[in-house]
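One chain, chain A, appears in both complexes that follow, with chain B as partner in the first and chain C in the second.
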Partner chain A sequence: MTDQLVMGPDTGPSTPAAPDREAAARRTARGRRWRRTAVLALGWVAIYAVWEATSWWFGSRLLPRPHEVLQSAIEIIETGNFVGDFSASVLKTFAGFGVAALVGAPIGYAMGRSRYWRAFFHDGVTIAGTIPAIVYAVMSLIVFGLSNLGPILAVALVSAPYVALNVAEGIRGVDNQLITMSEAFGRTPRQIRREVLVPTIVPFVFAAIRMCFAVAWKVEALTEVFGGRSGVGFQIRTEYQLYDISAVLAWMVLFIAFMLVIERLVLAKAESRLLAWRPEERGAAL
Partner chain B sequence: MTTVSDQPTSASSTVGRRRSTTEIEQDTPQWRKVLTSDPAARVTSLLAFVLFWVVVSALFDRVPGPVAVWTSLVDEFSRGEVFGNFGSTLYRFGVGVALATVVGVAVGVLMGLSQLSRAFLESPVLVALSIPAIIWAFLTVMWFGFGDTGPIITTFLTSVPFVIVNVAQGVRGVSRDLRDMSATYDVPMGRRVRDLVLPAVTGYIAAGVRFAIIIGWNGVLLAEWFGGGGGVGYRARFWYDANRYAGFAAWVVLFVGFIVLLDRFVLDKAIQRSFRWRDAR
Partner chain C sequence: MAVLTVTNLSKTFNLGTARESRILDDISFEVSGQTFVSIVGPSGCGKSTLLNIISGVEEHTSGDITLTSDAGGPARMGYVFQDPRLLPWRSVMKNMMYVQDDQSRDTVARAERYLDMVGLKKNADFYPGQLSGGMQQRVGIARAFAVEPDLLLMDEPFSHLDAITARGLREQLQDIWAQSKKTVVFVTHDVVEAVELSDRIIVLQPGGLIYEDITIDLPRPRRQSDKAVATLQADVLARLETLKAMAAAEPVAEPVA
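Now for the complex of A and B:
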């Protein structure tokens, strides 16, 4: 009411000027958006320029020029053998995630629920998060030799601490009133676990997986570089041993693009689908 | 799962047997209290880890057991290979991380302060974030040969985007209200930077440097692994190539121990100190 009273006399005379001012504001906004897009494009141009300059500096044998890399990328796509390697790498990454979720989520659950298990796992989980990726890569090779299990183990080892920490954080953040209420209404601990605690974990597992996805596929590729039999890392190592640097970079560029697409499409989609029932809490969970 | 519901600290108990926490506390015998205390839990987890290691090394004959690793660690020390290699690695690592910090803070502040520079730098930083360390290691080995430069550049390139992202986030998080207020009350620029921007950003710088150190340590190891100019990574590779996994594991113990000690005793303290203004209640 007060708003209308205050605004009342003001809106009257300004109505003829309003569309004009609105149009001006829209123009400014459009101009600003335009400028932002232009600068964004300038950023890509700068990447291209730096690449060209560096390859001119080192010579195109040591750093192939962008169009050469593009050419070998097109060759790789045309021959069609990238599908097998890509799907091998992606499957291994997701298998590793599966193992990490299976191991990390219960650990995180125990850490969130009890002080004892928190003290028990805390040091190990934080230390595991600081161990360099190369250690995981080589250790999984030593354990499994040249097989597909090595990269899976490496991904699992890298991601499990993230999952555990995130789930522990999530369990500790569970609305205690909800638990008290369920107890007051005589729900069994098992029901509480299934209906209150586990649904709260799911978004945290997803947040953890999305958080460490960028790290995980790099570790997966690294393990394949050290000793894989298939996959993108294996191809990168093969091309490197042949000193075909433009093919190395082409595989890398394709892999990065592919992984960004997977992250944006698959993970984000799956997450929004699984978490559709809790629209407003999603922001808080991530 | 029984251990979870039996915990004296968890206030939840089912309707049937509701007791007060003090009652539960008094009921638990002394030996159980000792066994479930925090230090005991830590010791137990350490023991469990060693046991796990022994079991794994018994199952997979390629995995060296604790005793073998310990003897090769002692061997490596008595050969005098440890300190020289660690010295050259630390030099490369230190220079790389220092460069990354300086450049990262400068670029991050720029990105945090101006909309346009953020739009400009967004894509380069995104690209730099997604390039794996192994590619930088391969490239720098070819560009700079087997010297110090390759590992330094690899450390720098792998860690600088993380510093940039963190610092930019910190600068953007400086309270807009406080900035506007200090502008309204004509607070001099020097005081504004000293009392508002710096305290708000130091924590993010510290967090970014911590990331840089963890990522850069991996980068320097990789570059030395493939670069072969001495250093910790080179030595670890030497044992790996010789199929002497105990020697490799000894080096793993050393470089994991190094990063864990650095993280625990230096970085954590520094970060807590720099976030003091925020976490103090």
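Now for the complex of A and C:
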């Protein structure tokens, strides 16, 4: 992306000097890439140094040293019991999204299509969207107690307002000329919904999901810590009760890494596939 | 072919508090059979609005419109808009098939044939965003042809295309029209084009009245070099010039307080 920006202006004009300039631009781009990697590595070294220093200051019983956490992480991976807990957490997160989509999308659709429904839902949805996630976590615990449904409800409550508002925004941005075209060719309301409205809102739903995802898995884990019976949060609580801080941190680090991978690979891939028609996404699709 | 009857049609747009603008004013005409009608008139005189009302996507304020196929049933309609209006998230071929009632092999083959006709067979799997503006417009044309409509509505379909492509498509339009027995209502501001294609030219004047309804009875194909064609073109053009002068001289209507 950045490389393209750097090279962009020089690739256009085909003056005799162009090959030279292109080569120079390539060199500059390579240099930049290298420097960026170096700075990135430096950042990690700094994190490591701060961590080491802090745990030296407080003692490794309070904050285990990086290599201890790494060792715990390796143990967790080797025993293999992370698979079940990770998939439990991921499943609960996505189940929560499912519920949020089932509830939020129709509300958003109604809000986008009719002024009355918009007025009806607007304040409620906005308030629901500003309530802190921790409140939803606590509410879910009160409702479901020690159960797997708590985390699902918490994720759903956190995500549904975002989904609703984004879908509403998407529906209101629908291209009326496409609807006119569909009507002129005698398409049924159902066909128009499927071929015009739904594709219009897909990018908005994705934006909502990606926005929520960052918050949702944290809420999910948090709810598990207090009331889960499986999953990463549950493991964190167990290790905490055994006072194994390095295992607590190891679960956390592994989970963060895992969720980042899901976000970067799974969500981003699915999005660029579904949105392959968009001119910006062309490169990725072809 | 279709039978289209427009009787005392008027259209006003509401412009908010106590203001409205009259776009079409008491228009009546009838088209039927294998007729090619052009509607010409200065920009903003209501040509697109008229097509939208005929196609049913826009309401009219008063008057009547009836449209049937010449066999008596409901008429199948095709519409080429002033802009392409393709679904950006569907490939060219899927756009062609979206407006078809059945998805049979024959229909697919027909869609392919019309796509080939506008020179875009190779681009069937492209997304609209991967085509140039003119190519998109050609997909819009092929899409309307491919439903093999009784009534074909076209709103300045060639105005965004280069002269050579436009000429080619104009010839193909005439062939299709001659073979497939369609009623065509064709909006254009290009008088040369109108005279070349039409059996009849309806000239709209600003304010949405019919200024003139001209029947053209010249043999086809019509060539620029033909004296009768050139004379008629000059004649219609002169009338449009008068209309434009009229529109310019007309004081801008003050909103009623």
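As a working rule, the second predicted complex is superposed on the first by the 243 of 286 C-alpha atoms of A that agree within 3 Å, B and C clash if a C-alpha of one lies under 4 Å from a C-alpha of the other, contacts with A are read in each partner's own complex, and residues count from 1 in each chain.
Convention: a residue touches a chain if its C-beta (ideal position, glycine included) is under 8 Å from a C-beta of that chain, and two chains touch if they have at least 3 such contacts.
Being a predicted model, the structure only gives us computed values, none of them experimental.
Asks: Between chain B (first) and chain C (second), which does A:Tyr240 come into contact with in this model arrangement: first, second, both, or neither?
Replies: After superposition on chain A, A:Tyr240 lies in contact with chain B alone.
Asks: Is it chain B or chain C that touches the larger share of residues in chain A?
Replies: Looking at chain A, the partner in contact with more of its residues is B.
Asks: Give one of first, second, both or neither to describe whether A:Glu183 is in contact with chain B, with chain C, with both, or with none.
Replies: both
Asks: Touch test for A:Trp44: chain B only (first), chain C only (second), both, or neither?
Replies: Once the two structures are laid over each other on A, A:Trp44 reaches chain B alone.
Asks: So, A:Ser60: does it touch chain B (first), chain C (second), both, or neither?
Replies: neither
Asks: Name the contact category of A:Pro199: first (chain B only), second (chain C only), both, or neither.
Replies: Only chain C; A:Pro199 stays clear of chain B.
Asks: Considering each complex separately, which residues of chain A are in contact with chain B in the first and with chain C in the second?
Replies: Looking at chain A, the two contact sets intersect at 180, 183-184, 186.
Asks: Across the complex, what residues on chain C touch chain A?
Replies: Touch residues, chain C against chain A: 52, 55-57, 76-79, 81, 83, 85, 87-90, 98-99, 101, 127-130, 147, 153.
Asks: Within the complex, which stretch of chain A touches chain B?
Replies: Going by the criterion above, the answer is residues 35-36, 39-40, 42-44, 46-47, 58, 62-63, 110, 113-117, 119-121, 123-124, 127, 130-135, 138-139, 142-143, 145, 179-180, 183-184, 186, 188-189, 214, 218, 221-222, 225, 233, 236, 240, 245, 248-249, 252, 256, 259-260.
Asks: In the complex formed with chain C, which residues of chain A make contact?
Replies: 177-178, 180-187, 191, 195-196, 199, 276-279, 282
Asks: Okay, in this complex, where on chain B does chain A touch?
Replies: Those residues of chain B that touch chain A are 3-5, 7, 9-10, 12-15, 36, 38-39, 41-42, 44-45, 48-49, 56, 60, 62-63, 115-116, 119-124, 127, 129-135, 138-139, 142-143, 214, 217-218, 221-222, 225, 233, 236, 240, 245, 248, 252, 255-256, 259-260, 263.
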